[in-house]
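Both complexes below contain chain A, partnered by chain B and then by chain C.
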Partner chain A sequence: MSQTTLPPVEKTQPVSAPGGTISDRSKAERKLGWMLAGPAFLVMLLVTAYPILQAVYYSLFNYRLTDPENRSFNGLSNYWVILTDQLWWTSVAITLLITVVTVAVELVLGFALALVMAKALSSIRPVVRASILIPYAVITVVSAFAWQFAFRIDTGFVNNWFTWLPGVSDTTDWFGGTGTSLFVICLAEIWKTTPFISLLLLAGLAQVPEVLQEAAKVDGATRWQRMWKVTIPNMKAAIMVALLFRTLDAFRVFDSIYIMTAGANNTESVSFLAYRQTIARVEIGLGSAVSVLLFLAVVLIAFLFIKGFKIDLAQARGER
Partner chain B sequence: MSTRSKVWWVVGGVLIIIYCLFPIAWIISLSLKAPSDIANGQFLPSDPSWTNYSTVLTGAASDLFLPALRNSFGICLIATAISCILSMFAAYAIARLDFPGKKLILSVALGVAIFPVISIVTPLFNLWRQIGLYDTWPGLIIPYLSLTLPISIWTMSAFFREIPWEMEQAAQVDGATTWQAFRKVIVPLAAPGVFTTAIIAFFIAWNDFAYGISLTSTDASRPVPAALGLFSGASQFEDPTGAIAAAAVIVTIPVVVLVLLFQRRIVAGLTNGAVKG
Partner chain C sequence: MASTLAACGGGGSDSATPVLNWYINPDSGGQAAIAERCSEESGGAYTIQVSQLPRESSAQREQLVRRLAAEDSSIDIMSLDVVFPPELAQAGFLAPVPEDIAQEVSEGVLEGALQSATWEDELVTIPFWANTQLLWYRKSVAEAAGLDMTQPVTWDQLVEAAESQGVLLSAQGRRAESLMVWFNALIESAGGSIIEENSDNPEDVQWGLSSPESDRAAEVMATVANSSAVGAGFTTSSEDTSATEFESDAGGFMVNWPFVYARAQAAVEAGTLDASVPEDYGWALYPRVDADSPAAPPLGGIDLGVSAFSAHPDLAYDATACIVSDENQAEYMITNGNPASSAAVYDDPEVQEAYPMADTIRESLEAAASRPQTPYYSEVLGSLLREYHPPGAVDDQTGERAQELMQAVLSGEQLL
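Right after this comes the complex of A and B.
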């Protein structure tokens, strides 16, 4: 991660002054700091850095689990196979489509929810707040099932309720084509994760100085102008953080697709492709290469966000 | 605020509540539908029955569901406990001590948080098979730490920063020993943050699907989300829709109860961790 993502760490002055020189004291503090934080740090490295290095290593081999005898080094040819395959580019396109659609809708919807929550009357605020946490708490698999069952021909009520819409009839098979399948997948994802965005945006709204709003009001700015010229610019940092986290999260979409279509009709995401290569087809070499490419894509997105939008996470945390 | 705008904000609030609860209401309604009712095309069951719940809890699907429920509880609780203990020490050091590498730890945590789970699964699948951790509890607890540790460290250090540490000194000045001051002053102040972090970490572990489906193969360790994903293939009865719905409701109940009990703290924890870090 680049330096700009770092939170400013306040220098807490050691309040008690044990005997000895300053350098002794700071040395002891360093040692204690690493003794306390070291285990967590080590575990994090062990559970991520080690596997990804292992994946890089495996990705250089022609390696099938069912045929371990014939494991052979073949350099970068796995990457070549993947990057010249239509399957990879389809899954990248699908993943990007899901990411862009869900994040865009979630941002607008999440902002609307945050505004309502900020203004909601105190009588219903606790209920609103409790219910907005429920989609966050429900596991993705359950949400995927709920949406799938609602849209399925045999178990669903959607075809029954929305026959007045053009193109929807009793026999509309939502999971029969790419477009309609992706539509339902996106709906489920949006329902599940919008609350998270709106909680972050609500925290951002709280950081907009009330004085500025009042000043703009006095100067005769309309509600709309105040929104665009005062509120949104002042919570840009919070918006960016929400956007970054949700984009990275959406790009890794896996659970909903597994449950709803299992990748049928060209609805395979990059994560699903990696899963299918490794776990279902036991092509360890190819699967590892897909995993490494997925990892690189996520790093690239994070990098573009942080550099391109000049996100300063420190500022977003309201510490300046 | 005028009466008219008040009405609009109430309408908005009610719409949010409907938006959030509608799919839950649907899955509950589906779980109460009798087999003959499943395909009636209606939102509500015409004749509510508990058939699906008995299928899942005592009937044909209980072999798949009950062990998974036990696994999920055990594995998620242990993973949460481990990550809470580790991140408690780390967050204490980050909030309290001055040492080089603080920023490194926080940014590694951020890096781990954005890590695509599937990229870890691939190599672990092979490694776990070689060293015998495939389809075992530790085989899931260890990778779950990659989900729970980063958010625990961030959330807890946000909480710990707000503790007025001077109170500890004040207690010592008043004659308390270091240990007494820590136990009587710091522990009660830190407990809510630790507790909130534990709940959030538990949610995240409970939600996992990718590790669960990839690193397990039997009911020795398969967690609930993975069992739900495999329901149709592994059980003998014809249409598993009702049973899946009932199982989905059962796994949703504990998290919803936790949310309702601790909503205030969870909101604070989520926004502190992400926005204030």
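Right after this comes the complex of A and C.
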């Protein structure tokens, strides 16, 4: 069976805009658009672009908050220090590991939950949605503490409940090693943000035209085939948005690590590294450079996703 | 006429009273009570208002340093952990201590506490309360193991005794300040120091980690961590975890701050601990590294700093002098369990009654060794934790590595 998607819409030029010229009406609309969106755009620039530019500026200095008199310009040397340090690369590797594991598991789990929510009887649908969303409503620091307490060797109940699992005993120290610490950190992240992915995927599921499903059913497609050939291809934009948002979020992981291990046993993420230089050491220059690199990594991830999925978000919104 | 008008304005004479903001570390309300008392005693000269800082001392520092760097004038008095005065003094964040106040507050203060409030031979903060770790033991266990606790004991003896009795020796192996506290006590008892000589220039600091004393400290740390005397969660064990372990049936020996005694009493009152447990508690001076070298117990506590950006530094210093009076320290020790920095307080009969170990605390404070006093304390701490955690993996190469890391970090050549 061939892949079923929406039939291509024939593009028609608006009557009022022949031959690439802009009509007076379009001009007026564009002007109005700028007037309406302009203030918001300006505020956005102030609250996002300004701190980013300031961080870029500070990253070129040797600047310690408690020693402002000895601030000196040192060009790109902060970046050189960071990129030649093994600690940076270890943190990048740990961050990538957490990102890949959590996003992959969340995508599968989130999709399953989205299907449950989509198929749930309309009478119980609000209850199902609300209950699935509860973890997302919990503040990350609070959920990190909850998971830490559950897995701690002294107050935790996990060791008592799961002794039947191989490798788990009364004395398993989950936060005593890299692997087990990362396992709990990933678990907390997955529990916390799977609802977010499932909600985005639910929105995507709702956008798949029922008529296509029925057409495939008439053509004799099995449930599995309908999933792979109809549902998922038509949710591509939603999946990409869900993956992109969660990947960017996961790449900035901080709270869970800060609470559970405080970076012990090689569990430091890139954000943690930025925190340590900027907040704990008050080395504003070095910390800003780490933050700028983190920002560039996030931009790169977003770029790769959009290129990789070959999705035009404007088209997904139906603008073109 | 003017005062009548001011009174009619609703503010009364109180509106002219300067308000001093005291940033305190969380406690059981003792500092707020002192603030109230001193406000009253000032006779309208000032009113002290308390604002609470975060629980962790590192988070307290982070908040204070950021505010002070921004020259925040809302801070007048600060409760500072004893490791922070050098950094704040070096940065010019502390108002100079007036000579008469310096004289007044230094009299009769225990040596370690006074040392912690001093930077470059000058008193930069006011000693408030001093803390120290003791060696806690179960009398029944020590007796069964044949240990004479009236005599100084070594770490090796404790490991042996705990192993022979099948009980736990609780210390703090977590990657946190407590590991620094432990290691510093070990290296100082071995006769060395983490920093041999300090310097204003971070690149000229003289380190003491590639020394036989440092190796000996590492050896003791690894021996304890790798013995069967420590609990399974030793690498994540904190002061609270240790106290819980010590309260349990497996409890045998523990190094910890005096709060554990009040904690056990409270647990008995709450009905969660059998009264026979704290009755079995014994205390002694912190263990030694070697039998022939003295112990160097950890030193903690709080010093009071006055912000250089305060609008009323003179009043703030008057207030600190009131806060640290012997009466207030005694009251604070009894109600909040935080030991005084003034030696005379330990002779107070009420203190003696509430704290049967008061004399041991004073003795411990007299023998205590402070953690590295340096404006770069957070870098030293961070580097040390990176190399000395987990404590079971520490060996005679660790000191050298930690020293190289500290040097590289302070020279700006490496991340932390």
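We adopt the following convention: the second predicted complex is superposed on the first by the 273 of 320 C-alpha atoms of A that agree within 3 Å, B and C clash if a C-alpha of one lies under 4 Å from a C-alpha of the other, contacts with A are read in each partner's own complex, and residues count from 1 in each chain.
Here, a contact is a pair of C-beta atoms (placed from the backbone, for glycine too) under 8 Å apart; a residue touches a chain by one contact, two chains touch by 3 or more.
Since the model is a prediction, treat every value here as computed from it, not as a measurement.
**Student:** Taking the superposition on A as described, I'd like to know which of chain B and chain C A:176 touches: first, second, both or neither.
**Tutor:** Second partner only, chain C.
**Student:** Using the touch definition from the top, say if A:88 reaches chain B (first), chain C (second), both or neither.
**Tutor:** In the superposition, A:88 touches chain C alone.
**Student:** What is the contact status of A:157 with respect to chain B (first) and chain C (second): first, second, both, or neither?
**Tutor:** After superposing on A, A:157 lies in contact with chain B but is clear of chain C.
**Student:** Using the superposition on chain A described above, determine whether A:265 touches chain B (first), chain C (second), both, or neither.
**Tutor:** Only chain C is touched by A:265; chain B is not.
**Student:** Could you tell me if A:210 is touching chain B, chain C, both of them or neither one (first, second, both, neither)?
**Tutor:** A:210 sits against neither chain B nor chain C.
**Student:** By the touch definition at the top of the document, which applies to A:65: first (chain B), second (chain C), both, or neither?
**Tutor:** After superposition on chain A, A:65 lies in contact with both partners, chain B and chain C.
**Student:** Thinking of the overlay built on chain A, is A:132 touched by chain B (first), by chain C (second), by both, or by neither?
**Tutor:** In the superposed model, A:132 contacts chain B only, not chain C.
**Student:** Contact-wise, after the overlay, does A:279 reach chain B, chain C, both or neither (first, second, both, neither)?
**Tutor:** both
**Student:** In the superposed arrangement, what residues of chain A touch both chain B and chain C?
**Tutor:** 65, 154, 279, 290
**Student:** Which residues, counting only chain C, touch chain A once they are in their complex?
**Tutor:** Going by the criterion above, the answer is residues 58, 62, 65-66, 69, 87-88, 90-91, 93, 174-176, 231-236, 241, 244-245, 375, 378-379, 382, 389-390, 412-416.
**Student:** Would you mind writing out the residues of chain B in touch with chain A in their complex?
**Tutor:** Within the complex, chain B touches chain A at residues 6, 9-10, 12-17, 19-21, 23-24, 26-27, 30, 38-39, 41-43, 86-87, 89-90, 92-112, 114-127, 129, 142-143, 145-146, 149-150, 153, 161, 165-166, 169, 172, 203, 206-207, 209-210, 213-214, 224-225, 228-229, 241, 244-245, 248, 251-252, 255-256, 258-260, 263-264, 266-267, 270-271, 274-277.
**Student:** Inside the complex, what are the residues of chain A that reach chain B?
**Tutor:** Chain A reaches chain B through residues 1, 5-7, 9-16, 26, 29-30, 32-34, 36-37, 39-41, 43-45, 47-48, 51-52, 54-55, 58, 65, 113, 116-117, 119-121, 124-143, 145-147, 149-150, 154-157, 159-161, 170, 191, 195-196, 199-200, 202-204, 238, 241, 245, 248, 251-252, 254-255, 258-259, 271, 274-275, 278-279, 284, 287-288, 290-292, 294-295, 298, 302, 313, 316-319.
**Student:** Tell me, which parts of chain A touch chain C in their complex?
**Tutor:** 62, 65-68, 81-82, 85, 87-88, 152-154, 171-173, 175-176, 261-265, 273, 276-277, 279-283, 286, 290
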